[in-house]
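Pasting the structures here.
The following pair of complexes shares a single chain, chain A, combined with chain B in the former and chain C in the latter.
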Partner chain A sequence: MPPELAARRERRPFTAHLVGQNIGLLLVFALLAAAVLLYCVFFWIRQQSLPGNFELTSTVNNTMPLAMAAIGQTIVVLTRGLDLSVGGIIDLTNALAAVQIQDNAGSMLAWTAVVLLVGAALGLVNGLLVGVGRLQPIVVTLATLSIFQGLAIRVLPQPGGAIPPSYTAALVDPNNPWALLYLGLCVLLWLAFRRSALGVAIFAIGNDEGAARANGIKVVQGKVIAYTLSGVFAAAGGLFLAATATAGDATSGNGFTLSSIVAVVLGGVNLFGGRGSAVGAIAGAFVTTMIVNILFFSEIDPLYQSFYEGLFLIIAVVVGAVLGRLLRRRR
Partner chain B sequence: MARFSRVHLGRDRRRTLYALIAAILLFVVGEFVHPGFAGLDSVEAILTIASFVGLVAAGQTFVVLIGGIDLSVPWVLNGAAILLVILSLGEDGRALYALLLTLGMGAGIGLLNGVGVAFLEVPAVVITLAMNGIMEGLTLGLSGGLTCAACASYAPPVVQRAVHEPIFGVPAELFLWLAVIVIVSFVLGRTRFGRHTYAIGNNARASYLAGVGVRFTTVLLYALSGLFSALAGILLVGFGGQASLGMGTPYLFQSIAAVVIGGVYILGGRGSYLGAAAGAASLTALVSVLLAMNMPDYGRSIIYGVVILVLLLLYGREEGEG
Partner chain C sequence: MTESEATAGGGSPPAVAAVKLAKSFGGVRALNGASFAAAPGEVHALVGENGAGKSTLIKILGGRLRPDAGSMRLKGEAVELHGPGEAHRRGAWTVFQELTLLPWMTVAENLLLGDEPRGALGLIVRRRMSRDADAALARLGIRHIDPDALVEDIPLAARQIVEIVRVVIREPAILLLDEPTSSLGEHEVAWLFDLIRELRAQQTCIVFTSHRWNEIASIADRITIFRNGAEVGTYRAIEEREAITLMTGQRLDTLFPPVPPLAAEVPMLEAQGLAAPGISAIGFTLRRGEILGVGGLTGHGHRELFLTLFGALRAERGTILVGGEALRLRGPRDAIRAGLGIALVPEDRKTEGLLLPMTIRDNLTLAILERISRLGVIEAGAEAERTRRLADALQIKTPSLMQPAGSLSGGNQQKVLIGRWLLAESRILLLYDVTRGVDIATKHEIYELMVRLIGEGRAILFYSSDAEELAHLCHRVLVMREGRIAAELAAPNLSAEAIVAAAVRDSLAA
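What follows is the complex of A and B.
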């Protein structure tokens, strides 16, 4: 922009600035509101009542694994990376949990910690390969996805194992949406992370790696930590998945690679890095679940489910891009 | 000193050579594990299976060369396979019409991917992922989960012959693949379109300023990727006789792996289809050796991943030396 134009430009009012900065977040909450409304309409038509505690609880519980995976994916995407191994980490941690967790508090706590550590270790492998090895995230995590999936089947060859009911109750209470508390905790952690030195570093790396390095940010360290965190959150997703299903399946995590990317994109996180929020990704995960719920109640043949998911993804991305462009032009 | 001796052979050719040597070594190893593995029949069978990966990898090479990726492979391939049998009903008389429509469907879906990437500026990962979902839903929904009456049809005999018929004792499919290798290599290496592709992969902005039709070329490349996925689907039905659900799923990982093994740079601008084809051959040879060793599924998938990581690390080192 020529200097005279820049000088003439007025400072945008505070609210406009806020809207402009958080357009992705606003869009995903609008989308979520629309999805909930549509769901209520279909629910009313079918049941002549509004969805209640039971529907809320099952929606929350079903979304927990995806929400966790989406938080991890967000952190990696912010560094301008991509973690395709999320599905494999969920497979492996889910299988581990189902095989190992016994029905006593000590075992539950110990194995929860071990599983999260395993997730961290798997993520660390990705991080070292991407950060220190300077390899392409997509290919690295595609390769580790294959390795993790193989390991998962080694741990649990056939679906099975068992999760103690008390563990399920602690993570995803089937009667009340207490799992929302975990999400609240994650949002608080996110807000702290966003303002921490590490958070600033990760956003900086995604915006301009060279400039970040020139300004003294430890780029390699930041990337390694980002992938490690993604591994931890994917492992948490594996635990929630095992708790919801009350058993393990070494292939049930596979779909989360794609759906975590869908949730992140719906949540307004920029795939080119440096912009976005885990809060948006969590909302994106809920939109994904709501789409499935709506399709169920609207009597659309479930065979078409992927079609609508793909369609909504494209619409969300295109609308987001067009709105973003309009806003930028108006400035 | 090592650097001087390498000057004579460009990096791309060297990697193609590595992939070919790997394939040959694997056949030798296979012969030890399972006598007869490197026999003519066995080699032909393995190369035929490799050719399907190779065809998908041709499309994948096109888009990876401009730094893109095509994740819509699995269901474009699967959709094409099912569309072919439904349209042709296993009759030769309807084969031409079915083939044209099926290839058109593949190219059309690829075209939409390309429009999304080039004009709507949606990241390639997102648009092709979404398109894969759309194709999955449409394929499952329209065929009623492959329960429709026409779904059980066989591929037209002419398509089956195009795969199986021996020419001088070699399955026709291999000649088809050879033709594709020659044509794609020519297009990429000797035409304006090919040079534009490499230019965009190296620097899209500079190419645009130099007058390259970046958007047009991008759309065309994605359309080609869709076309090759559909072609692979058609030939796979010809190979197996009937279509099935999920038949495209392995080809996403394998096509990307073949491209990487063959030394095509995943950020674009460097690499050749000959390398990717050699990558497809060595990948399939590796799978076959592991099968011959009675390696269980999980072991294969671990080794897959490890091999790709090791190659990436080796290539990365080379890059650093260069």
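What follows is the complex of A and C.
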């Protein structure tokens, strides 16, 4: 038995560590609460009432595509990668859904599965190029973004197609925020992922690829799976987008490339990999939706909407960074 | 006495054997037909200069690199390893020199990586992981490391210990350690050696590399010496002097060159009542032609002192005088302009000092870019000329100065760090642990360089974790304890023992 190495140090309880190591998560929920509060204030000023079930439902339904894309983006960013093709995958899967889904249960189920598989296949292409081909993620996914956008236009040259109302009701019921259940499912999946060998591998790769490899972790396989999962979640985003719009548009997904990265950053996921949570990214997605909602009710000239969106975003990121630094220093 | 390969370690078959392994990187031959064998229950040291191929050999045995030629046997079986995972399955685990911990994961997650306790649905149970890790640490006598802390939040020495513990708890049959002591203090080294002795008693085969001869002599059962990518021989006992001759191929009569006495009392750098985070009430005078040592146990403010003198840390109180004039340091730029140069060998070599992917030449001229530029454009001719002369003077071993600095061995990287400030015409050099992890021949070159520099009228403030080195090279030594100067030692009271005694006096008294 070796001798005692040093005096015993006071141990902080497990939960104290858990809080300390999840400051980013706490911050984004604080940010979300602040955004909701601000929204309620503006809503009250305009309507002399508080937002209710309708507002909640439409907020949730409008956020679903971005929340899905952000979950996928989180997994890739955790490996210290970036998936710019998210927008292209949403374009393509959205167009596919609008063209193919018929108004019967068999078609809906089958095409949902096919669309998710298409997303997986597109993600797999990214993953193989980045993981096996050892190419830079930004270049690879920028190129595939363009390719997927091109394919989407082939599938649906003009906005159109139709999504059966029952499909819309199943995914994004316009009357009740049932879509939250899908999010709940995603959170459960995330918690399981975090405690699985795959989750450990993906976090480890983002921590230090070389060290992960030295520890016997299959780095290439981990990256391929991360991009594939990102494709699946982007495809789910495409389905939700089609369901909310009740029709297809081969360019409607383009904005999601950047907004998914924004949601991830707001959600406290570190762009250098290895740190973050999809739960935070989902909250980040809701923050971006709330910013748009707030602007809508604050009677800002629509021409300036983009300007203020950017301004709010910077403020949110700066406040988050400053608070995070202060909290860490107190530790 | 040399032994033949066949009889390695007596009767039992070797736990690990390398037979004529070869490995090249680009055009450089790192291993050139290297062989050795170690038996179960044996502690086997691999020694040699930096670049002799020890690390490459360990990486091959650990499955991280694949050899170009040759073969190896683990537990008597000929194997080809396709990755570290395969080596692990065969019972060979490695503690690598550069840390392979995951910084943003907890100590517990790192310790149990790949072996996590599972609950329902095969999912990892984090609370149990924390408890298991704590138990594993406690079993090895470690109670000061919190298993729930992030690795990036614990000190470097603790990280090295976690790295070792992580491997030991997998109960390896073959334990490979690449320079495990280079960032450990004396206390931790004693702990590690007790652990190694215990593992040896359990018939574990332990192969390790080290540059510290007294460590090798105190624990190794046998020693294999390497030179230029191949073994010179395996020995049961060998004198340090003889080993150095075998490692370098040349005779080093004295490791430490004679240091000339001070010619005159000309103060170059003075600190008066200096205080900064981690240090307080620091006062000293560094004179022209002097090597002033700074010693003591790691973590007692040396690093902070050096960073403060260089302007990288803001002083809270006190004065810094250069050539008798008070200096206001707003940042390293002011220090450089005043003639200070720092070779701060970072605790984690990769993160400070050198820009490893840039060329050696760029690294050398980094601090004088303004001086060799005209209208913002670097004059290539002037740059090439100056750096070539300097590299010759410093004996930097490289085929070309256009190679990335990262391609140099540790000792030669240190020379580049020092060389940068010579080009900048710094008259006061702050050298922080520049010889750590450096092989003996290069150490000797650095010592000679230091003596030459003070002969040219420069002054050197020299921190080293090696008390022997301080005792031999310095005119005086300041011993720091808890951020203050606890003692000033000068001949005839200057010795390695006196430095260590002054560093731990209080803790012994307590």
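Structure notes:
Please note the rule applied: the second predicted complex is superposed on the first by the 298 of 331 C-alpha atoms of A that agree within 3 Å, B and C clash if a C-alpha of one lies under 4 Å from a C-alpha of the other, contacts with A are read in each partner's own complex, and residues count from 1 in each chain.
Just so we're on the same page, a contact is a pair of C-beta atoms (placed from the backbone, for glycine too) under 8 Å apart; a residue touches a chain by one contact, two chains touch by 3 or more.
All of these numbers come straight from a predicted model, not from anything done at the bench.
When the two complexes are overlaid on their common chain A, residue A:R195 makes contact with chain C while staying clear of chain B. In the superposition on chain A, A:G106 makes contact with neither chain B nor chain C. Of the two partner chains, chain B is the only one touched by A:L82; chain C is not.
Contact with chain B, but none with chain C, is seen for A:L271 once the two complexes are overlaid on the shared chain.
Of the two partner chains placed by superposition, only chain B is touched by A:V139; chain C is not. Contacts of A:G52 after superposition on the shared chain: neither chain B nor chain C is touched. When the two structures are aligned on the shared chain, A:G216 is found in touch with chain C, with no touch to chain B.
No residue of chain A lies at the contact with chain B in one complex and also at the contact with chain C in the other.
Against chain C, in their complex, chain A makes its touches with residues 1-9, 11-12, 14, 17, 21, 192, 195-197, 200, 203-204, 207-208, 210-218, 270, 274-275. Those residues of chain A that touch chain B in the complex are listed here as 82, 129, 133-136, 138-140, 142-154, 157, 258, 261-262, 265, 271-272, 301, 303-311, 313-314, 317-318, 321. Of all residues in chain C, those touching chain A in their complex are 64, 83-85, 88, 94, 96, 99-106, 109, 113-114, 116, 121-127, 130, 140-146, 148-150, 161, 187-188, 190-191, 194-195, 198. Residues of chain B that touch chain A in their complex: 69, 116, 120-123, 125-127, 129-138, 140-141, 144-145, 253, 256-257, 260, 266-267, 297-302, 304-306, 308-309, 312-313, 316.
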